[in-house]
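Naming follows writing order (A, B and C), and every chain is counted from residue 1.
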Amino acid sequence: MMRRYFKGYEPGYHFWTAYLFILPALAIYGVFVFWPILQTVRYSLFEWNGLDTPQFVGFSNYVDLYHDEIFRVAFQNNLTFILFYTAFPIIIALFLTAILTRRKIFGLTFFRAGLFLPYVMSMVVVGVVWRWIYNPIFGPLNEFLEMVGLESWKRAWLGDFDLALPAVGVIGTWVQYGFCLVLFIAGVQRIEEELYDAAKIDGANEFRQLWHITLPALRSEIAVAMVTTLISALRVFDLVYVTTRGLPGNKTMVVSFHLYQNAFEQHKVGYAASIAVTLTSVILFISFLIIQWRKRVEENV
Amino acid sequence: MKNALRLITILALLIAALPTVTASQAQEDVTLVVWDINARDVENEVADTLAQEFEEAHPGVTVDRVAKSLDDLKATTGLALASDDGPDVVQVNQGLSDMGTFVKSGLLLDLTPYAEQYGWVEKLSPGIVARNSFTADGAVFGEGNLYGVPPLAEMVGVFYNRDLFNEMGLTIPTTFDEFEALLDTVVQQGMAPIVFGNLDGWPGIHTYSEIQNAYIDRTYLDDFVFGRSEVGFNTPENLQAAEKLVNWVDKGYFTEFFEGVGYDDSWGLFADGLGPMMITGSWLSGELANLGSADTFGFFLVPPAEAGQPKMSVGGTSLAYGIRASSGNADLAAEYIDWMMSARAAELWVAAGFIPVQPVDASLVEEGTLFGDLVNAWTWLNANDAVGHYIDWATPTFYNTITASLQELMAKEITPQEFVEKLDADYQEYLASK
Amino acid sequence: MFKMKRIPTYMLLMFFLLIAIIPFVIIVFTAFKTNREIIRGVFDMPEVWQFTNFEEAWNQAHFNQYFRSSIIVVIPVMITSTFLSLLTGCAFGRMNFPFKQALFFIFLVGIMVPQEAYIIPLYYQMDKLGLLDTYWALILPQIGMSVCFGTFWMQGFFAAVPRDLVDASKVDGCTMWGALWRVMLPIVWPGVLTMLVLFFIWTWNDFLLALVLVTKEELRTLPLGLAFFQGRHSMDTPLLAAGATLVSLPSILIYVVFQRYFIRGVTGGAVK
C-alpha cells in the first residue's frame, strides 16, 4: 500500500508529523489567546455586567462608544502619544544615527547597551521612577530646577492640566528613542561602504549623504520603528495606571485604561469589549497602512 | 407580599447554606479568607492581632488575611466576590457604585439574621445602619437589608500641628469666618495653611464637602445621597461652596503644586511639618499618633457658620465588613465579623488611636491628645446628628465624575457654574435610569 | 585613532546615555539612603551605604514573596515556550503540510493583537476553568503569547539550516524528531538564546495578566507588587527605590550578560 506523502522540504516525513509538532503550541495559544480574541468580538454585541445573563444588544455598544465623551478624549490622547512615542523618538534617533554613522565610535557596544536600557525595564518601574521624578515637592526635577536657579519653572507636572499629558508622553519618548536608535544603527551597518565612497567622489557633503544614502537605506527599519512605536502609543496602559490613572480631569485618560475601568471597575463588560475591538481594529489598520507604504516604497526602488 | 417572598428566599438560602457549612466545619480545617483595608502599618498590626486571637479561639480555623489599599480593593472586590474561591469576608465601600452593584448582582450575603443573632444593630446608630442597607434588588439605598458592618468610626475634619499652632499664635476657630481668618493669618506668615495633595483625585471630595456642609442642611444631603432629591446638585448652596473652594485656591490656602502631590505624600509632608493643618479623615489618626507623640497633632471639626450651630462633617464609618454570597463558610465569617466588633477589638483600636463605632469607654480617653480630640468630635457629631455623607455615594458614576470635575474646578478649567451642572447631569442621568 | 574633532560626538552620546540611565542611577543611590537624606538632596551620595532598605523591602514589604512568584512564573514559561517554539518553528521552517499558510497566519494574529484586547474574555474563561488566582493563570496565557513570536522567530532559523545536513541525518535513519534535536538544534542555537532572553524580559515585566487574573497577595509578581506598594508607601522613597531596584535587577543582569542576543532579537525579529 502506498503511503501518501505531502510534497515538502523534507520528503519522507508524513505531514502528520508537522501537525503533531504544531498541536501543543496551537492548543495553548488557541485556548488562552486566540479563542479569547474571538470572544471579545462576541462580547461586544452584548450588554453584560459580568455576572448576570448577557443581553444581546447588536451594535448599540458601538453607538454608545461613538457618543462617549471620555472615549473621545482618551482616543485623542492616544493620538497625541503618537507624537511622543513615534515622532520624537524617530527624529532623535535619526539625528543621533547621522552623527554616529560614518565615524568609528569606540565603545559603541557600551553606548548601545546603555541607551537601550529603558526598553528592558518593566513599565511599572519606569512609572514609579518617573512619578517620583515629577513629584513637585520632593522630586528631583523641581529640585534640579531650583538648584540651577530656574525656580519659576517649577510645576505640578503630573497634576498640571496643560503638562500632565506631555509629562507622561516624555516618559514614552525616553523609553522609545533608544530602541529606535539601536534599530537604525543595525540598519546602517548593512549599508555598503562603496555607496558613501561614490558620494564623496561626487562631492556630496555629510548632510546629502544622510539624505540620499542613509535615509533610503533605512526605510525598512524606519517602517518597523513606526509600527512598533505606534502600537505602543495606541495601547499604553501600565504607564498610565502607575503614574496618573487618567487624571487630572481626564487629561491623561487613554483608551486601554478606559477599557479597564469599564470592565473591571464599573462592571460594563460588553461595552469594554467594544472598546477593545475598536482599539484592535485601529491598530491593525494603521499597521497595515505602514506595511503597504513600505512595500510601495520598496517596489519603486 | 413582596416582603414575604423576600423572607422565604432568605430562609431558603440559609437552609441551603447551613448543612454544608456545619458539615465542613465539623470535619476539616477551615481557611477563612479575609480582605480588609488595614494596609497602613498601625492598622495592620491591630488587625493581625485580632485575626490571630480569632484563630486561637477557633482551633482548626486559619485566617488568611489580605490587607489592601482602597484603590486595590475597589479594583478587585467585584471580581473576587463573583469567583467561587474569593474572600469569605471583605470590606466593601458603601454606596451605589460598590456595595449597591454587588447587592444588585447578588454577590453579598444579607446580614440581617446575623445582625439580630449577634446584636450588631444595637452597636450601630440608625444612620449607620441605613448607609449599609439596600433593598434586596440593590435598587434602593438607605433601607431594606443590612449588607455590611463597619468596625470603625470615621469623620473628616482638620488635623493640626500643635507646635506650629503655638509658634504662629493660632487658636482653634469656632465659626467658619474665624476659620478663614485663621487661614489668612497663616498665609500672611508665609506658609500655605492647608497641606493638600490632589493627584489621586479623591482627597478633593472631602475638602469640597467640608465647605459644602457649611451651607447645606441634613434633609438636603440625605435626599441627595439616597437618590430621592428633586433639586439635584445644581443648587445655589453647592455653587457657593464651589466658588469658595476656588477662592481658597486663589488665596493660597493649599500647598503649592497640590495638583501634583499624591495623598500618601501629602500626609507624610504634613507629618513632616510642611504646614499647620490638613483636612482629611480620622483614618490617619493611628499613623499620625505613631509618628509623633500623643499630643503632637490635634483635631477639630470644620466649624459652622455660627458658633454652636450644628454643622455636618463628612463621616460615618470605615468600609463595612460583608460576606460573599457564595461563601461556604458564612457562619464562621459572621463569627469573624462579630470578633471584629467585639469589646476586645474596640480596646485594641482605642489603644492604637482609632475610634471604634461602638461607644468608647471614657476612662480610656485622655484630654489634650489627638485621640481625645477625635473622641470628643465624634461624640459631638453623634449627639447633634451631624454625621454627613460621602457625596460620591450618590450614583454609581459619581465618584469618577466628581474627582475629575473637582480637579478641573480647582485648576479653573471649568467655572463653579459648570461644575455644579456637570455633577447635576450625572445625578439626573442616574435618576432617569432608575 | 582618537581624534579631537570627535569629542562633540562623544559629548552628545554621553548626554543621551546619561538621560537614559540617570533615573536608574538615582534610584539605586536612593535605595541606600535614609528618609532624612532624601529630603536634604536627591543628588547627594548616601552618607552610609545601608542595606536596611533592601532588607525591609525584601522581608516586610513581601518582595521575597513577589520575587518567588515571578520566578515560579518565568521559568516554566521560558522552558515550555522555547520547547514548543522549536517544534512549531521546525514544522513551519522545514515541512510542508495542508493549511500551512492559514495556520501560520493564525499564529501571526497572536503577535499583532494587543493583550488589552482579549483580557476580558480571558478573565471569564479562566474563572470557568477554575484557574483564576493560580500561577497557571499567569503561565498559560503567557506561553500562548510567547509561542506566537517563537514560531515566527524560529521558523526563519530552521528554514536556513542547510539541506544536506538534514538529508544526511535521514540516511542515518533519523526521524524528524531526532534530526530536530541532534542535527538542527546546534545550528539554530543562537536564535534560541535570543528567544530565551526575550521570553524572560516579557514575562518578567508583564503587568496586565497579573493585575487582572490574580488577586491574592502571595501570587503577585514583582511589577504588580511594586505598583501596589507605591500606593501604600510612596512617602518612604528609599524603600520604594529599594523595591524598584529589586524588580529591575534580574532583568538588567540578564540584559547586560546577553545584550548582544537581546538587541539582535528585538531588531532582527522586528525587521523581518
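Observations
Everything that follows uses one rule, which is that a contact is a pair of C-beta atoms (placed from the backbone, for glycine too) under 8 Å apart; a residue touches a chain by one contact, two chains touch by 3 or more.
The model shown is predicted, which means the values in this text are computed figures rather than measured ones.
A count of C-beta contacts for the chain pairs A-C and A-B puts A-C on top.
Ranked by separation of Cα centres from chain A, the top chain is B. Distance between chain centres (mean CA atoms), chain A to chain B: 40 Å. Between the Cα centres of chain A and chain C there is a gap of 16 Å. The multi-chain contact residues of chain B, meaning those touching 2 or more other chains, are 79, 82, 262, 265, 269. The set of chain C residues that touch two or more partner chains comprises 39, 212, 234.
With touch defined as above, residues shared between interfaces to two or more other chains in chain A number as follows: 50, 131, 138, 264. Listed in rising order, the residues of chain A touching chain B in the complex are 49-52, 131, 134-138, 142, 154-161, 244-245, 247-250, 261, 264-267. The residues of chain A lying in touch with chain C in their complex are 6-10, 12-13, 15, 17-19, 21-22, 24-26, 28-37, 39-40, 43, 50, 92, 96, 99-100, 103-106, 109, 111-125, 127-133, 138-140, 143-144, 147, 174, 177-179, 182-183, 186-187, 220-221, 224, 228, 231, 235, 237-238, 241-242, 256, 259-260, 263-264, 269, 272-273, 276-277, 279-280, 283-284, 287. Residues 1-2, 6, 9, 12-13, 16-17, 19-21, 23-24, 26-27, 38-39, 41-43, 84-85, 87-88, 90-92, 94-98, 100, 103, 106-107, 109-110, 112-114, 116-122, 124-125, 140-141, 143-145, 147-148, 150-151, 163, 166, 170, 175-177, 201, 204-205, 207-208, 211-212, 222-224, 226-227, 230, 234, 237, 240-241, 244, 247-248, 251-252, 255-256, 259, 262-263, 266-268, 270-271 of chain C touch chain A in their complex. Chain C contributes residues 39, 123, 127, 130, 132-133, 212, 215-217, 228, 231-235 to its touches with chain B in the complex. Of all residues in chain B, those touching chain A in their complex are 74-75, 78-79, 82, 97, 101, 105-107, 198-201, 255-262, 265, 269, 274, 396-397, 400, 403-405, 407-408, 411, 413.
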